[in-house]
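For clarity, chains are labelled A, B, C and D in written order, and residue numbers in each chain start from 1.
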């Protein structure tokens, strides 16, 4: 099923939404990195349901238990097993979905692929699967920051449907993003975005948007042409998150409207440091980091599970209608911000270790 | 350097632009697939320089020699080695680049990563590296079509800078695309696009755009959640191509402007086949193909190498100016169309074999 | 740290001897395979300490909890997480080893590699790590037997130090092996072997030996030349078990005493089945199974941890002496039998799935 | 078909015995390593047919052409493609084998697996495939010696059938081994071994033996428990060579005759260096190098292809007899010595790079 990611720093996630629990095994973490359950919990709390009025009210503590690989607050260099037990399960909310496929959800394709499916809670296709990623990402960040003290990734909500936040990726801080429940970096957009999500939710509908992310403190030289270009691995990591439909780095799709002369980033010397005057490259050239901020955007579609009645079919291929019940996110973006950052850490730490091996 | 791709159907490409040659080893190709050098040559000819007046006039025959893995027109199940020798090299055109870094090219980042660089022809960062991919993709296509007779991937130029082709992905044919040198599917846009490229080129400038691709005949069930989702692997494959800045599938970035009710694809029965009335999912749900056409778009930036003078620095970190010489593409998109298709074939064949193993 | 094994059927083990627990994530298990915790427990009970008078008296229930990937007794095709909590820990027995390196154990090399070490219980270097393998192997066996009903692997103790069991690999049964606590297939050797182990143990010493294994019901065609030959992957799997020093297949080292004429296995037809009259090849030719029984042997050294005083050094590089305390196996072979079988299942299921993909 | 090996330093070999040629792509080689075709040729000459009167008289120059990855005598950090064209092919010698399966050769199993087979020259199952390994190994050695100046691997013929060389692994030199065509380290055994091979060959028969290898200059800390133990990866590498039947490290199978007290290697301080007084561990403890010489042995069976008539079957499953013709090695061991060393270099360089990443 390919729940593995990474060449040297490898994670293997496991778990269904309504099973015993979800978790991850992190293999290839260097030894002697300071690590505690609190490091994991901070990120898991940013991801968990019930954290604010605009996310699903499911009540999950999402307490991470470190099963192995850490002793007296330090990593051993051995695999780090992490388990989060599931607690708040209401399988009754999934009665109709036992037979009816949710439009644009994974219900039908899981059946088509596996011939079996954990209906309750969405099983493995639930966003609950990302707990293992977020826990793994928290470890990856600790590894990176142990050597690269200026390393950080700051993701934030750039748009919700038609609402666009005005954020400068070169100055936005994690504190600014974390100061509001929608996790945007533009104070003026906090209330409008909250209002929009609240409104859409009250209608039993859903809404999507774009998350932007800036990565700072990455030295030049990370990324492995040809296939494991840094933007290719970042793109894959982001597109592996549930509900994503697009990824762009630097100038992205709008960069296609410029000519080469307009698009190219001139080099100059900033003291003894090589810099570019503009950053349409988004911090990556030829698949390799150039030392500038890495900037990218990810498109998240409106959540598939809505409470409005829709036409669909059953698993025995009869036409029917379905109005979902249960407690679902009307907009995944606020909770997706830590997921995006986690995937960044996982990609970067792997490339960092690979470069260490070759340098 | 990570020039490997694939889990079961694996390619390893090699070669610098101005070295002995470029090529690929394809490992994991099933036995008894009909294969000839002509199968490869057809795709390589679509990729090669000098094929039309709007691409680089470099004269490369790009003749593929099959070194192994094929006997009497059939694959043996053993690795298929393929070599294309380089012929038309003019290292003199790279004199200035020996020291000056091209803005937004890989010159600086290769030096930062490797501490050494094959300047002439761009070395490994040259688009010439994609020859191995195109040859490998041609083999992948043969494998897929040997079992899935309706399988095909049709890529085409959707936009060049501000010019947008009007193409219906559900009906466009490979013949239509191949009938014009710009490889767009909209007859009305052929001349405007050719004129634009010609104009930009005459100015020593460059231009980018968007390639759209439709994949047909893919059965439901391909794609491996969690990390190896079909869109994630397609995204990575596309973003590993030179000059790419973005990838989106189905509704993509513009899908974020819809609500869930508007975005969801209703299921219905078409005879005994499960279908969706719309295809905003782009043929993939939960990371797994649903049997509808897979549709995605890739953004290509304007080529970095332009003949206009730009400010930059040297490899000894002094500020300078550079106006490139040599024979470069002012727009890579017409030649990128077969590259996109090749990457599709490589991703799909790998997922096809993986699904065969599990089913 | 590389606690992953397999291409399609992949296991990731985790856990230290005296940490929270040990376990495994099995990724790539096909869906709809019948599986219960009892399936795992049977094999874990064969592996666990305290099972008989000739193994370590540590009291571990080794109860396996399935965390994910199984619903209503069937695999889902998603990762199967398994956890066994540690219960009987006596860290006081490891006081001396906090500083003194056990000769021929992993104490020194773990420090040399990681710069940190979980002293208590041996941490990750403990044979307790094999719990994840045995659980994963039990699943692998279920997958294989669901399609290959005659598939089985029977391992047994062939020698303990100088004592050699007389066992015919072509007829020995699992029941015969399991009928005695030393797990040999020769009734005449049961008491002498038990006596030897008991004697050696009473002296605080240890003893090794050879395990032989026969694999039946494997169809021709499994194994991937060149590097992933079946004997190469079996050899790696066995040599990855603690305390192993050698591996041989078929005629092995003694086959080097024959000429080609004497060694070659003549083909003949047994009805419509291709057979060989002898089996010096051990069921594998050119790295690929030929349909005959696969037979191999593994050498296990005498356990490193003994209670007799030995000269050694401390972790601050001072010379000292050490007499281990604690409850250790004087002979690992009876408990290693299920480990060997588990590794066989893991190797075979991976090759079986790989061959399914290509056929 | 799995012709890839390695995690960071990865080789992909290709080629059939009687096709265009054989070769390798080496991916993950660090940049700025001095490398020339002469470095490869030295090792290829030790491997090639026709080098002495006791090996097959096939006349192959085995000239290596570096296709990529090297510029002005230095590696670029990009994939190194290497091609050796086949020249001396006599397909007529394989007429009978078109239908008759050679006993104990790969003829039958290749047909069983692939349903197709390159008969002439043995195709991919020919020892000619090892050219890519030997070339890759020569590069690996350069990488290792660029940082570890005392690193070396010396393999030598330990036994030919019943003849045993008396060689001290701690003092034997490459010059001593290379001074005689049988490549043993015992001057007294050179003539007896040559005589035996000559005699066996004159009878159209074949003979096997054991190669021993010592690896020096390996620092403590290489090897990745759990599955990628150093001895496990060495074992897999050796057992992936044609005609191998066994592998043992340090005390190996005979170590099972000792008690723990007799077998354990006491630690002591040699100045400021940690040493062991004996080396029954063979330089590896807990899967990790301990800084002592690594010593192992590999069993090679007598070659399957003999000129004596044997009973066998045809590919249409009729019983027949076969006496091979053609020019075959009566004993592969003298030519296998550089193959063993090459596999050592490939395993060690990969573990060296992996440890660099984690340290």
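The rule is simple: contacts are C-beta pairs under 8 Å (C-beta built on N, C-alpha and C of every residue); 3 or more make two chains touch, one makes a residue touch a chain.
Since the model is a prediction, treat every value here as computed from it, not as a measurement.
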Any chain that touches chain D and chain A: B, C
Greatest separation from chain A - chain, by CA centre: D
Computed distance of Cα centres, chain D from chain B, in Å: 39
Centre distance in Å when chain B and chain C are each reduced to the mean of their C-alpha atoms: 46
For chain A paired with chain B, centre-to-centre distance based on mean C-alpha positions, whole Å: 26
Sites on chain C at which at least two other chains make contact: 1-4, 7, 13, 28, 31, 77, 113, 124, 354
Touching residues on chain D, where the partner in the complex is chain B: 1-4, 10, 12-16, 19-23, 25, 27-29, 31-32, 65-69, 71, 74-81, 83, 113-118, 123-124
Interface residues, chain C side, partner chain D - complex: 1-5, 7, 13, 101, 103-110, 112-113, 124-125, 129, 159, 161-162, 200, 205-210, 220-229, 231-233, 235-240, 242, 244-253, 255-269, 272, 274, 276, 280-282, 284-291, 299-306, 308, 310-313, 317-319, 354-355
Interface residues, chain C side, partner chain B - complex: 7-8, 28, 30-31, 77, 353-354, 356-359
